[in-house]
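We call the chains A, B, C, D, E, F, G, H, I and J, going by the order they appear; numbering starts again at 1 in every chain.
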């Protein structure tokens, strides 16, 4: 009668093992053949994995089956709100405070009344070389959903 | 002794004139030769315009010089926090709640300890056709800044 | 150079005219041939109307064209958060506090990992007679969206 | 002198046992002959069970009597407010922000001044097939209570 | 095309007229034959009045028909949250912080699982003489509603 | 060098023992000859007990002297604010939001400028039979204190 | 049908007239024969004045009778919470954060279980000369009220 | 490698030992020859003690050297904000809400633009006999600091 | 009977006149012979000016005496909290979140238990040339105050 | 399968060892040849260290390798918000509330539209002797970043 490991306990073990083994998130994502942002988010507790994905990750990181069991659970999503004030994450929040209303105007101009789905959705992050300093390029790509009664 | 029109009063007049004249944000941006997200954000009060940009916008929209004067002022940035709960804008906030910690991990993996600048920064929004429903593609593109003492 | 009437100013005028003329929301919805919850929400400022819908409402309520102009604008959605503490609305919030996690479990059980769309969505409210006291029946009906990368 | 298991500890054990045994909430509800939303909410800690219901659930899930004891306690209701930002639950909150004032207007139009009870109340969730994508249909059904001095 | 006076504007006029005419709330309540707490709450904007009640109040206070019109509107209930920090009102809030969980225990002990209705409900306030200093006696009296599916 | 049991740890043990022994709060109050609301509040951690009261309660519930020691401590009062959103307690909060300003007006009308004490104060809860459904009657009874410099 | 001047509007006029006439709060308090902290608080809207006090203040400051009428109204007390972050006021708040729990311990040690009344209460502020720099001395003096059922 | 006891763990042990030994805060303060409010605040974790003070307190209360070590640490000051809603402490907060702006006006009138220091500062609490009920007298005494560039 | 212009109304007029006349804050500070950060803060409403300073500023900016009157008033300090989320100001807040506890440790190491005064205090901002990009250098310089009873 | 020590656990051990060994932060910084504010912030969990830095610190403080491992992890930055109400840290926050808008004006005047980087950034704290009392001098020094699309 022991409960399944919580998603945050599992994430803490995965992060620790990853660092000790010197593996990148990229390498873990390749191992399971899934996109790297999705894989990282899933291992941090934001998406459920299939049994096969969970098992492969645990084998790669030498973690036992209690972690694999936790990785397959349906998550309660939405990070701790305090996380949003970390400087690396806050810059995205700041960009939304400054550009959010403009994005709304332009989405309505290009598509009509509706939203970008955050469910039928993917994100990617890449590094673009630039002589003035390399750039972080993050792409949000979601299906348009129009208000439809 | 009348104060300069506030940025939000100017924005309200610009939005009203734009609708009545049937002009797109895209068309206004072309008129002043600036990127469309930047232009929309500036007209909603988030960036100062040059005198020439402000004058051209006001001429296009038949607004008087008090609006142009306001558009050149240095803004106090950061939208009203209530705006973030509009569904179209909230989907981006939700994506950050779900993917923010993963983006942080991957930025550190690709670049080391630092952040994506929200100042040396541009955003773009486009429509990508897709047989399963067209997609909203938003790109955040900022210079990487490493923590440097 | 007068700005378009705000959505809340327009709503205040519509509500006042509706009461003075003794018209129901149902009657207004029939006039424009649209569902009654959608129509009420739109007139309270949560959805844009077509020009024809806006004009018919204004004619029915003897309101001038500045109201019709406002009704066609794209709204900034999301009611004033203080509204959620009105007792009639709060009971729905309380139901979500008590039953929200159970609804989440059952949506995942019946559909897999995903959400009920609040965009491709309709609500209906009806009165069901009951010898122990009539009942308010509210149906939330939204397309299922699965998390899909 | 050990205190009764808290409702959240009991819920964690129930959820873990349910997953490991591969049982659905539906199956547990059938076992105790109660509606499925009610049963799920009760097992997550929002309603007290009778001794018989609690015992049958624990027998089905191979949990010991300390869990059954906890299930019979009177709960302190109302979920953790952070739960409301999980995307699957948040869509209902968003629907209330957009449609809450309209629902209030229509309840008053159909019933007079009063509220839908959240106590003499039931909820149901079902899946409706639809060629454009199946739909989540959630029904809130509460007795009307009029303001009566 | 002027909107109906808001409930708070009407209340401000009623309070001002009441003071200038030297009338008590008790006297106004008697004039319309309604309980005094209900009447005061209604005039402060928390309950709708019938046309006859509204007209009698306005005649008594020499207020014009725009106030009577406002008094008949359905209110958005729930006072400004800042009001709860006024010392006279705060003492009731403090009593709930100290005694709320005890009241919950005893309501469940005397009635089972359920609540005191705040809708089928009345409040009374009276002055009880006491040699050690007179006492404020406030009675909350609401129908018990048991959780019933 | 072990610290005294905290008030909430003691309360958890008392509640557990009370349920397991099948005792009512009423019976415990009778045992110590004190009013039932006061006794319940004290055992939940909101009032200090005398040594004799604490000892009698612990003897009745078979709890050891560490609980009795805790019951005599001076409390830090004021419940966890999350408790106020439990539906049974929230109805009282809602009543204050709706009727608080009216109670303030009537206290001033009957007594002048001052407050009902929440210190020289008692509360009682009773069940009143009623053919339309029994009623919860809660009486707040506090000494009037006038603003006096 | 104009409402009585609000307390904050009256305060703004009083403060302005006081500065323009070069009068101290001390002088105004002497004029009406009342303590200076009480008088200042009353004129800033925190206590009702008698008609005679209000009239004398208005005569002294050349303000008309609408101000005097407002000064006699029963206030909704409790300053704007933003006021507490002004540095001169914040130092008192900080002292409570640092010394509040110690004051609570010592009040209970000297008096038993109870509180210092903030109603049967007076405050005084004075300047004490000191060779190391003069000192602000503020005395809170309230009747002890013991918890008494 | 065990960390130093936290200030709150030390305080919990001190309070427990003080009660079990039947010592007053006054007696502890006399033992170390320091003012009683200062001593109580220091033992509750708001000021660092010298080694000698810490050792004497621990000898008096039969606490071991880990407590004395903790008492000498530099504190992170500022009590838990929930503490401010305890009724005994809240009355001081309420007094600041009602009288804070008046104290600010009078400090500026008596001293010019500046503040009362909360650092070069002492507080005292005493009991003053009064035939109408004894009074709690708390004196805040801080050096005046004028705004000086 | 018109109230003195509020500090924020005066600031709005000063900022507008400064821009229209093309004057720098530096130039205004020189005109009155005061440090530039102090002068800017005073004109934005955070410090009172002497009559002579206020008059010179108004002459320079062609503003009338109602502005000069407002500039001499004692301010209620502390900016609107929303201002702290403007990106230019937020970077300082972020630096405090990251380095605040380190600054506290080092102030105590260098000075003992106490604080940097924010009253006997000056700030300066300068531009330092740097081949890698010029730098903003802001110096906070306040008298050390030790905790002294 | 034990997770890496959290940054706050490591900080607690470092602070305890530093005090017990009687070492200053200055001495630790010298040992690793890094600036003292940076070193203190890193050891409190706000910056990652290199393996060599971490090992030297742990050798100096006799801490084992689990602490060194934690010190090399990438931090989630941003202190606990409650820390900002400690008086020593709060004075900096207060300075920003009073001078933040003035700093913004002057940064824009000296540099144009942009910000001081909090990433390419250093802070220093020093003690300056002064006959009127020594002064805390804190310098914020960050690269200017202009808004550049």
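Here is the rule we use: a contact is a pair of C-beta atoms (placed from the backbone, for glycine too) under 8 Å apart; a residue touches a chain by one contact, two chains touch by 3 or more.
The chain list, named the UniProt way, goes like this: A, B, C, D, E, F, G, H, I, J = Cyanate hydratase.
What you see is a predicted model, and the numbers here were worked out from it, not measured in a lab.
> Using the touch definition from the top, what's the fewest steps needed to get from chain E to chain J?
Shortest path length, in steps: 2.
> Of all chains present, which has the mean Cα position farthest from that of chain A?
G
> If contact pairs are compared by residue number, which of D-E, C-E or A-I agrees with E-G in over half of them?
Comparing residue numbers across D-E, C-E or A-I, the repeat of E-G turns out to be C-E.
> For the pairs A-B and G-I, output the one whose chains share more C-beta pairs in contact.
A-B
> Just give me the whole-number Å value for how far the CA centre of chain D lies from that of chain G.
50
> Report the inter-centroid distance (CA atoms only) between chain E and chain I in whole Å.
Those two chain centres are 47 Å apart.
> Using CA atom averages as chain centres, what separation in Å is found between chain H and chain I?
Result: the chain centres lie 33 Å from each other.
> Where in chain I do residues touch two or more other chains at once?
In chain I, 76-78, 81, 83, 85-88, 90, 94, 97-98, 104, 108, 114-115, 117-121, 145 touch at least two other chains.
> Report the complete set of touching chain pairs.
All chain pairs meeting the touch criterion are A-B, A-C, A-D, A-I, A-J, B-C, B-D, B-I, B-J, C-D, C-E, C-F, D-E, D-F, E-F, E-G, E-H, F-G, F-H, G-H, G-I, G-J, H-I, H-J, I-J.
> Report the residues of chain H in contact with chain I in the complex, numbered from low to high.
So the residues of chain H touching chain I come out as 35, 38, 47-48, 74, 76, 104, 108, 113-115, 117, 119-122, 145-149.
> Could you pull out which chain B residues touch chain C in their complex?
Contact set of chain B toward chain C: 12-13, 15-17, 19-20, 63-64, 82-83, 85-88.
> Name, in rising order, each residue of chain H that touches chain J in their complex.
Listed in rising order, the residues are 1-4, 73, 76-78, 81, 118-119.
> Which chain A residues qualify as touching chain B in the complex?
Listed in rising order, the residues of chain A that touch chain B are 24-26, 36-37, 40-41, 44, 46, 77-79, 81, 83-84, 86-89, 91-111, 114-118, 120-121, 123, 125-128, 130, 132-145.
> Sort out for me which residues of chain D touch chain B in the complex.
85, 87, 90, 94, 97-98
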